[in-house]
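Pasting the structures here.
Shared chain: chain A. Partners: chain B in the first complex, chain C in the second.
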Partner chain A sequence: MRKIFELSPQNLEKLSALRKQYPEQKAIVLPLLWMVQNQLSYLSEEGMQFIATELDVPYMHVYSVASFYTMFIFEQPKKHLIEVCRTLSCALNGADDVKAYFDDKCDDDVEVIEVECLGACGGAPMCAVDGKYKESLDDAKLEAILKELKC
Partner chain B sequence: MLVKIVSKKFDIPNAHTIDVALEHGAYSALEDSLVKEPKELRDIIIESNLRGKGGGGAAAGNKWNLAANQPTESGTRYLIVNADESEPGTFKDRQILAKDPHLLIEGIILTCHAIGAKSSYIYVRGEYEEFITILEGAVDEAYAKGFLGNSKYGNIDVVVHRGAGAYICGEKSALIESLEGNRGHPRLKPHQPESEFYFGEPALVNNVETIASVPFILENGADAYKAHGTEKSPGTLLFAMSGHINNPGVYECSFGHSMLDFIEQTGGGIKNGKKLKAVIPGGASTPIIPAHLIKDVMMDYESLRSFDSALGTGGMIIMDEDTDMVKALKNLLHFYHHESCGQCTPCREGTSWADRVMQKFVDKRATYEDLEILRSVSRTMNGKTICVFAPACSDVIDGFLRHFEDEFIACIQEEAC
Partner chain C sequence: MVNISVDNQKIEVEENALLIKVLQDNDVEISHFCYHEALGVDGNCRMCMVEIEGAKRPQIACNTLCKEGLKVHTKSPNILKVKQEILELELINHPVDCPVCDQAGECSLQNYYMDFGLYGSRHSVEKTKKAKHVDLGSNVMLDQERCVLCARCTRFTQNISKSNELFIIGRGDQARVSSAPNKPLNNPYAMNVIDLCPVGALTSKDFRFQQRVWFLDSVESICHGCSKGCNITIDHNTTKFDNDRIHRYRPRRNMAINSYFMCDEGRLSFHKENKKSRHFPFNASTLRTLMCTDESKKVMLANASLSVENLSILKLFCDKYSIELFSLPIVDETFGDDWLRNSVRSANASALEFLEISSSYEAFLKAAQTSKLLININHPLLFENIESHAKIMHFTTHDFEDMGDMRNIVSFASYSHENGTLINSDNIIQKFSKSLHNIHSENTLHHIFTQIDNTLYKTQETLWSGYISKQLGLGFSDIQKMGTKLKGVNNA
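And now, the complex of A and B:
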C-alpha cells in the first residue's frame, strides 16, 4: 500500500497563505518542496506527488524541478550535515584541512560534504552545520562543533 | 575613502529590528518621494547615474524605464529583488539582509512606486537560511507598522522567496524561471533592450544593493550621490576582501580609489607579511590581475575594463606569493563545472572538459596538447550560449593563461622529466 503524504496543520495554513502571494499556483513549487522537505527531512515520492496534485502540474515537472536544485535531497539524510565550503577563498585559507578534520573525527551520524561557495568568503575557512554558518574556523571552533554534535 | 551610505546602520546593534531602524532614520525617504510622480523618481535615478550592483554595472534608470514603459493589458508590474548572491568572493548582499533589511524594504517601496508595481519578490539563495529568517522578521514588522500591505505608502506587498542552491539563478532570467516554479534555465535574450517578464507581465530585476541605494538618492538628490565616486562610476559599492588578507570583510567605498591602497590600508595588507601575487577583482568570474599591474588599478568600472578584467561585484579574492595558480584555476573550474545549468551544450560539456583537463595539470599528467585543449575549449564556450555563464568561465581561463602561463608550462615540464 502506498503511503499518502499529508501536510501538518501548521503547514496547511502556510499553504493557503502562499496561494494568495503568487499570480499563478505553479510558482509555489519551490516553497512547497521546502515545506515537504522540512517536514520529512527529505523529498519522498509521495510528497512530490502531493505537490503535483495540489498545484495541478505533472508529477514529472515537480521531480524535474526538485532534481535541478542541489539543496533538495531524495533519501533520508543522516542525523547531522556538515557542509564545508571548498571554493577559492576558503581553499586559500585551508578548507582541505577542515574537511580532513571532520572526516577524521565525525562518526556515522554525521554526513560531511564539500559544497561550492556559501557566500561567507570573509569568514574563510567556513562550514555550515545543519544549515548554520560557522565562520573563521580555528582549532577551538572546530572542537566546539564536534562537542555540539557529540562526536 | 570609506563612506557610509548603504552601510550607514551596519554598526548599530539590532538595526534589523524596526524600532531601532526607525530611530536611525529608516523609511524617512518615503513621505517626500511618494508624493512625486513616478517619472520624476525615475528621472532622479537616471540623473544619479546609479549602476546595477549585482556585477553587470548597467544603468539602473534605463532598466526602470523599460519596466515602467512596457505596455501591459492588466496593468500589473513586478519588482523582483535579486538576493541570490552566489558569486565566489562576494558576500555583500547578506550584510544588508542581516544588518539593515529595512533599508531594502524602504528601497522596494520607492522602486515599486517609480515603476508602477504593487508586488515585489525577494529571491534569496537557499543557503542563507539564517538571513532569510531575519529578513522575514523585518518584512512582518514592516507590515505590522503599516509600511507594507494596506497602507498610505502605496499598498506594496513583499514576498521572500527561498532558492534551493543553484548559482545560475542569480542570472535574472533564470531567477524568474525559478520564481515561476521551473528549473533555473536562463531565457533567450531579445535583440532590443526590453523589460523582463514574470508570468508574461513586465518585471524589473535589481540587485539588493542597487535597491538599497535608492532611498539615499531619492532623499538627498542625484548630486549628493554623484559627489562620491567618478564621473562614469558615481556613488559607492560594498567592496569585499577575502583570501590572503589580514582584515577580510565588506567595506563601503566610493568608486575610483587605488586598489592597492584599499588592500593595504583598509585590508591591512597580505596575511603573514607575504607579498601580493594576484587579485581576482570582482567575484570569481572576473579575470585575474597580477600584482605588478595592481598598483595602477583604480576601483571603478572603466579602470578595471582597461586591464581586461571587470569590476563585477567588487568582491576581491586576494592571493599571496605562495599561491599555486594551477590549483587556483582548478578550484574555480570545479565550481563552474558544478554550477553549469546544463541547458547549452558548449557550457555543459565545456566546463566539465576544462575541469578534467585541469585535473591532469594538478596531477602533473598534462602535456602541451592539454594546454591547447584548454584554450580550444575556452574558445568554443565563448559567445555560443544563451547566458554569460560560459563566456565568464572562458574569461577566467584566458585570464589565468594570459598572466600565469609559465606556471602551467612548468607543470607540463615537471611531468616530462
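And now, the complex of A and C:
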C-alpha cells in the first residue's frame, strides 16, 4: 500500500494558524515543507503530494520550490546531518577547510552537505549539526563536534 | 491610437499595445527568447532590450506599453553591446554543440549569436555539466545544457495544457528544466513544447537526427487527423536513393483555429502518408462498364476526409449514374476534448451537408443490403466488416488488411499528394497544398473519375466555378489565407 503522509497534531494546529495569516495559500508551501521535513527528516514524494493537495497547487510547484533550497533534502539522510555554510562570510573564513575536515574525518553515519547562508555570519565559519548551530569554528571546536557524534 | 517612433520611423499603434508585438507586426527584427504571443510576457531573458528615449537604462520591449510619443531605438550601438553581453552570459555554460544539434538552422540562440555575438570567447572557467539526454516522456528529449531557461515549456504545461509536468528546479548555475521523478511529461499536446523551445534543448524523438532543417522543403497544409483542421506546415524532401518523404508536421499559426499548436496524434499522423502502398492501376473502360452501364442498384461509400473537390466529383458522378452516395464521418468519443481535439475524426465531415451527401448510417446499411455493387472510396468500414453479398470495388490510398480479390482495387493519391479544400468543424473552409511528389506517382481521385466519364469537370478550377461555388455560396478565390467562415447550410 502507498504510504499516506499526515501532519502531526501540533503541525496541524500551526497550519490552520498559517492559513489565516496568509491570504495567498501558495505562501504556505515553505512552512509546510519544513513541517514535512521535520517530521520525516526528509521530503518524501507522499509528503510533497500532501502539500500539493492541501494547498491546491501542482505537485511540480512544490517540488520546484523545494529544489531551490539546498536545505531541503529528498532522500532519507544518514543518522547525523552536518550542514556547512558556504556563503560569503563563511567562505572567506575557511568554510572549505571545515567541509574538507568533516569529509575526511566523519564516518558513514554522518552526512555532510554544503548550504547557503544560515544567518549566523557573525560567527563565521559555522555549521549546523543536526540543526544546532556551531559557530566560530576552530580546530578544538571541530574536534569537539566529532567527539559528540562519536566518530 | 498613439504615435510612436521606432528607429526614426513613425508608427501609429493602439495605446498600451505591447511594444514587442508592435515591432513583430511591423517586421522590425527584435531578438527574444521568453516572450511568445500565446504564453504572454515573462521578462526573464532580457534579449528584447531596446533603447527608449528618456529612460536611463535599456528596457525590455516585451514589457513596455506604447504611449504617445514613445521613441524606441532597436539598433543603437549601446543596444548591440547589451545584447552581446547577454549572449556572452548565455554561453558561459552552453556546450556549443551546434554541429550535432537538431535545432541548428532554426535556433534563436544561434541566429542571435551570428547577429550580435562576441566571436572571440573570453571564458576560461570550466563549464557546469548537466544532463544531456533526459527523456521527458511523450517523445520529448531534453538537453539541459542547451537550455536558456526561458520557461516557455514550463509555462506551456502550466498555463496552456494545464498539466503542470515541467518546472524549473534548482537555482543559479544548477537551475534546469525538469519533470518530477516518476511523473513524466504526459498530455496529448506535449510535443508543442518542442516548437516553443527557441533553442535545441527540447527535441523530438521522432525527428531528431533525421534531417538537417535546411534541407527540408515546406508546404502549407491542414492536418487531416480530425475535423478541427489545425493548420500545419509539412516539411518534406527527397534525398538520394529515396522517395520524397515527409519528415515532420509543424503547427502553423492560425488564431481562429489552432493558434500556435496541434495535438501529438495529428503531429505524428504523417507517418501514414509516408507508408508505401502497392500501386493498383485503374482501367477506365473496365470501371465504366462496372459502374456506369448496367441498371442494377449501386451504392458508394466515401470517406468524409476527402477534399471538397473529391467529394464533389463523386457527388456529380453518382448523381449522373443513379448511384446512391453516402459518406459516414468517423466518430471517436474518446478523442475529443475542450480544446483542439474533436471527436469527429473525419477532416471534411462538415462538407457533407453543403454538398448534400447523406451521412445516415441506417440508410447506408439499408441501401447496402439490396445493392449489387458497393463502391468503397477509402472508407475503413468497408475495409473491415464486409457482410454484404454485393461485389465491392475498393478505391484506396493505403494497403489494408484483407485485400481479397485484388482485381477490385484501385489506388489513388492521399491528401499530401494533391491540392484541395476542407471545411472544419466550425464551418471554416481552408485550402491545403500538395507536398509529396513522387512517392508512388498515384492518380488523383479527380483524374480517375474524369477518365471514367470525360464529360465531368476536367480541372479543379472548372469544378469550382461550375459546381462547388454554387453549393458553398463562395468562389475559390474568396477563400482567405487563414480560411473563411461559411454560413451554415440552414441559415445560408
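Here is the rule we go by: the second predicted complex is superposed on the first by the 126 of 151 C-alpha atoms of A that agree within 3 Å, B and C clash if a C-alpha of one lies under 4 Å from a C-alpha of the other, contacts with A are read in each partner's own complex, and residues count from 1 in each chain.
Heads up, the rule we're going with is that a contact is a pair of C-beta atoms (placed from the backbone, for glycine too) under 8 Å apart; a residue touches a chain by one contact, two chains touch by 3 or more.
Quick caveat, the model's predicted, so the values are computed rather than measured.
*Asks:* Using the touch definition from the top, say if A:Phe68 reaches chain B (first), chain C (second), both or neither.
*Replies:* Both chain B and chain C are touched by A:Phe68.
*Asks:* In the superposed arrangement, does A:Asn11 touch chain B (first), chain C (second), both or neither?
*Replies:* Neither: A:Asn11 stays clear of chain B and chain C.
*Asks:* Mind working out whether A:Glu45 is in touch with chain B, chain C, both or neither, as first, second, both or neither?
*Replies:* It touches chain C, and chain B stays clear.
*Asks:* Between chain B (first) and chain C (second), which does A:Gly119 come into contact with in this model arrangement: first, second, both, or neither?
*Replies:* A:Gly119 contacts chain B only, not chain C.
*Asks:* Look at A:Met60 in the shared chain and tell me whether it touches chain B only, chain C only, both, or neither; answer first, second, both or neither.
*Replies:* The answer is second: A:Met60 touches chain C but not chain B.
*Asks:* Chain A residues in contact: does chain B have more, or chain C?
*Replies:* B
*Asks:* Once the complexes are superposed, what residues of chain A are shared between the chain B interface and the chain C interface?
*Replies:* 64, 68
*Asks:* Per the contact definition, I'd like the list of chain A residues that touch chain C in the complex.
*Replies:* By the definition above, chain A touches chain C via 45, 58-61, 63-64, 67-68.
*Asks:* Sort out for me which residues of chain A touch chain B in the complex.
*Replies:* The touching residues are 21-24, 26-31, 33-34, 55, 57, 64-65, 68-72, 86-89, 91-93, 116-124, 128, 131-133.
*Asks:* Where on chain B is chain A touching in the complex?
*Replies:* 76, 85-91, 94, 119, 125-130, 157, 159, 161-167, 178-184, 198-199, 201, 240-244, 248-250, 280, 284, 315, 317, 319, 323, 327-328, 331-332, 334-335, 338-339, 341
*Asks:* Applying the document's contact rule, which stretches of chain C touch chain A when the two form their complex?
*Replies:* Within the complex, chain C contacts chain A at residues 158, 164-171, 179-183.
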